[in-house]
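In the two complexes that follow, chain A is the common piece, with chain B as its partner first and chain C second.
What follows is the complex of A and B.
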């Protein structure tokens, strides 16, 4: 039993890291632009399908690099021509816009690539478990964690050590002042959106390696990210990371005792956080 | 652009409302309807076009459209042309499926209603169809109750009951793997009855259950369940997930190397799932309800060729055949009764044997009287990683089982039809 729980904690950390990758992208956009990006899952699916399409030509690794970048470019375009038009209005506008986009992405992928699940393959040497007893630690999952650590580490570096990151963080706190100080807020929001969507695209490619590639892949993966943000606290990337890991472990451990409640436990945690600490674990006081 | 880009901060309430809207997104769905003429006979289709069963729904739709074309080419139903009224039931929301069924019956005035892939939705539609006395065919929702404890005189079913599938495959799984089984079961009507059916079928052959977990429909990550299943050290893990869930769970199980530690098996497997899996994950012992590569059965080759023309070169799956047989069932019922009266049509179909060019299986298929359940052949076998002569020939049939030999008796089904006076 102890071993089973231990396994599920480790496994939960892996799943949680993946939730965090999606949630951080979502959180970046939410914090700077006040846009709840419902279409995040749609971008995720587009990233995965692009990688699938490109793999025969540029291989798995090429797809892993190029597909998220192309997804980010799509994100920049969508932000420039659609999302940016609703900034400053009631959040309902951006909510409805991205909600509609989510449908367009899902039906668009179904139209282009079909409703049938597609077999996205990762290189054979990544496929097998590293050891017989820790069979859930496959080469692919270890690689995935490594990549998430590198990417999230890189993001934290950008946020804390570069001018762009400094401006994004400042804008999150007080966009008006940042604008008055001469920063082009439009470009800042555009780039920030692009970074968020890059993370969605990357999450899509990584997910497709473990799951069947389906038009609904984004919709089914995105909900835990919202929960992770609420638990971790809006405006705090560290909080979002923590939120993701927490729900991953919680649902993993729940699977040992009450398997049918693995999803419900996330929402129970969310409700508890909202009751006890509404701003989230590491959220800014007063933001909510 | 707005004048002021800085007001209107996002607050927690908005975020929570947003979460509720995501939930609503699962229910909302596109609205599809086919243009129609006044004097045609309408067949309402209330089946998933979106969600986890979208691919299955699409394939059933191909078979339905093909059958409609065949019927119209031969003069239609009772001399009138036939057309489909198609609605998206969603993959899992019963209230939407029921609302769509009522719309098809009340507003579109359909003479027949078809649906659903999801067992729970199939049962819900059956109840509406019964209330309205409309001839109803379930193409592909398997839970026992539809033609069992909750059967109706006007509901006919093409696909098998879960108990029949379980009875067909249980012996092969015990032979290939052993007697100790661990179940991973989708947590809704279909999964529950299929697991119960497998437990019953296994027990009759000395098999035992060493554990089992219910997984929510739409689960993407099955790793924690797989860890638990492996810890129970079973002879076989029985996967009862279907559609996209089935792809996800098998792909992960094979990535974890579980196919080398234990036997991976299940009851129903579909070609759609095999096509979505990488070659190395096409493993196990399963039952198909129809298979396209039946070289010795007359008519199958022509059927396959026609479906290929309509589906961009893809072969028919069991789903395509379900849709095809369902529409033909409607036309045959009207022809047999020489009427569109639901009671007369339902009476005419009691014990009715499908013509061989529609049954497309070695022993044929008939609707069992008193239950309205089609009794067809079942195909027990194993997947192959890659097709030899055709990339979609991914299943090897080891044994064709006559449904009459593995179906529960009429008494066992507990079906009691309440015919109108």
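What follows is the complex of A and C.
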């Protein structure tokens, strides 16, 4: 029993880390540009499939490095030519635009790579369990957690210690003033979008190894990411990270005791947070 | 002013005439009566959403959930409780209204994109309930093994079960009553207050309007009519698909409003007609119809943000 719970907590932690990676990117874009990127899941799927296609040529490690970067480039292009055109208009239009893109991305990946599930090869030595009693603790899982910690740590470093991060954080508070002070806001939003999409692409590659590849992989991960943002508090990256891990573990534990409520539990948590602390666990009051 | 009134009256007349005569001409334009019924049902859904989106200015992206609740409420009532179409519609609509009333207080404080995100996330709860509760809802396969029942009026029976044209008029009558109710509400002081909130929330608040309560009311009314539309949709198909509650469905309701024109009373109807006809055509013409639907979203946002009725109106005022 303990082992079963441990197994599910571990699973939940990993799924939660995917949620968190996605949610942090979504949250970055939402805070700076007031855009809910419904196509985020689509970008995640593109990252995963790109890695799948490139693996035979450049190997698993090459795919892990190159695929998220290519996805980010795609993100920069989409932001530059489509999404930036609706900034300053009623937020409704940006939502509909990314909604349409989400449809196109999902159908596009299905058209190019097929609707059936594809196997994504992770190096064999990473897949073997590290210990015989904790059979679920494969090297790949440990590696994923390690990598996510490094990447999120890197992001926090960028956000707190570099000029770019400083400008992004200032922009989320008052974009107009930042613009008046001589920062090119268009470029800032573009780069910020790219960072968010990079995280989605990375989550895609990692998720492909863990969950398998299918066109709906992104659509199934995006709603929990919203829940993670709401629970953690919009505008707080630490909160979003915490929210993602929290709902992942909660779903994992629920899967042991009440499998049919695996997904419902996170929405119950969201309702509780909205009732007790509407701004989210670590969110600032009065922003929304 | 008189000119504008005349224009409004003639639009109303044209819409009424087209809907009333639809069964007589729809075959001649290469379509079929069920598609006409589908358009009326979706138009009711889009107009219900527009009550909140267009007239109160609140960005809801989770309306598919209430559409689906109405559908499941109706289907499950007819299948498990009582084989009566009337009772089914009533239960379905009430279930949707009740769910909206309970969720409302948790979201009315939120605004803008945050409201959109919370509503769409909440909608997913109902999708997962429908998807997971296999024994009762049929899970992934949907709710089957039930049929809409003929309407017994006492002196005569209307066979909406086999006669598609009779069912069309049955739906149209409900549509007319619902739309008249919405129009009445929007013309009342309550409706004017909603428009005031849309135009300037802060000013409305300073004038003593209880903004959150009004938004809650508007949300519940909108979701109730949405559930009614869902109920009719389940009767049309004799089937409920869990995917009708999925979050992607919510976006299609919003695009119907925008495509037709959110600032116009009949706009969502026009949008629904175009969208349903287009989807029907695309899904038979290409397996990649989803991409084209996505493309429609992008094109509408970039080039026709005011929708069809918006274009007409601009021409008329010029």
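Keep this in mind: the second predicted complex is superposed on the first by the 277 of 288 C-alpha atoms of A that agree within 3 Å, B and C clash if a C-alpha of one lies under 4 Å from a C-alpha of the other, contacts with A are read in each partner's own complex, and residues count from 1 in each chain.
Assume contacts are C-beta pairs under 8 Å (C-beta built on N, C-alpha and C of every residue); 3 or more make two chains touch, one makes a residue touch a chain.
Remember, it's a predicted structure, so these values are computed and weren't measured experimentally.
In this overlay on chain A, chain B clashes with chain C.
Number of chain A residues touched is higher for B, counting chain B against chain C. In the superposition on chain A, A:12 makes contact with chain B only, while chain C stays out of contact range. In the superposition on chain A, A:119 makes contact with chain B only, not with chain C. When the shared chain is aligned, chain B and chain C each come close enough to touch A:107. By the touch criterion defined above, A:252 lies against chain B but remains apart from chain C after alignment on the C-alpha atoms of chain A. In the superposed model, A:275 lies in contact with chain C only, and not with chain B.
When the two structures are aligned on the shared chain, A:220 is found in touch with chain B, with no touch to chain C. Of the two partner chains, chain B is the only one touched by A:185; chain C is not.
Once the two complexes are laid over each other on the shared chain, residue contacts for A:165 go to neither chain B nor chain C. Common to the chain B and chain C contact sets on chain A are residues 30, 34-36, 38, 85-86, 89, 91-92, 95, 99, 102-103, 106-107, 219, 223, 226, 229-230, 234, 260, 263, 274, 278, 288. Those residues of chain A lying in contact with chain C across their complex are 30, 34-36, 38, 82, 85-86, 89, 91-93, 95-97, 99-108, 111, 219, 223, 226-227, 229-230, 234, 260-261, 263-264, 267, 270-271, 274-275, 278, 288.
Residue ranges of chain B in contact with chain A, taken from their complex: 1-12, 14-16, 18-19, 21-22, 25-26, 28, 30, 50-52, 54-55, 57-58, 187, 213-216, 218-221, 223-228, 230-231, 244, 247-248, 251-252, 255-258, 261, 272-273, 275-280. Per the touch definition, chain A reaches chain B in the complex via residues 3-4, 7-8, 11-12, 14-15, 30, 34-36, 38, 84-92, 95, 99, 102-103, 106-107, 110, 114-121, 127-129, 132, 135-136, 138, 140, 175-176, 179, 185, 207, 210-217, 219-223, 226, 229-230, 234, 251-252, 255-256, 259-260, 262-263, 274, 278-279, 287-288.
Note for the complex: chain C touches chain A at residues 53, 59, 61, 103, 106-107, 109-114, 116-118, 120-122, 124-125, 128-129, 132-133, 247-248, 251, 254-255, 258, 288, 290-291, 293-298, 300-302, 305.
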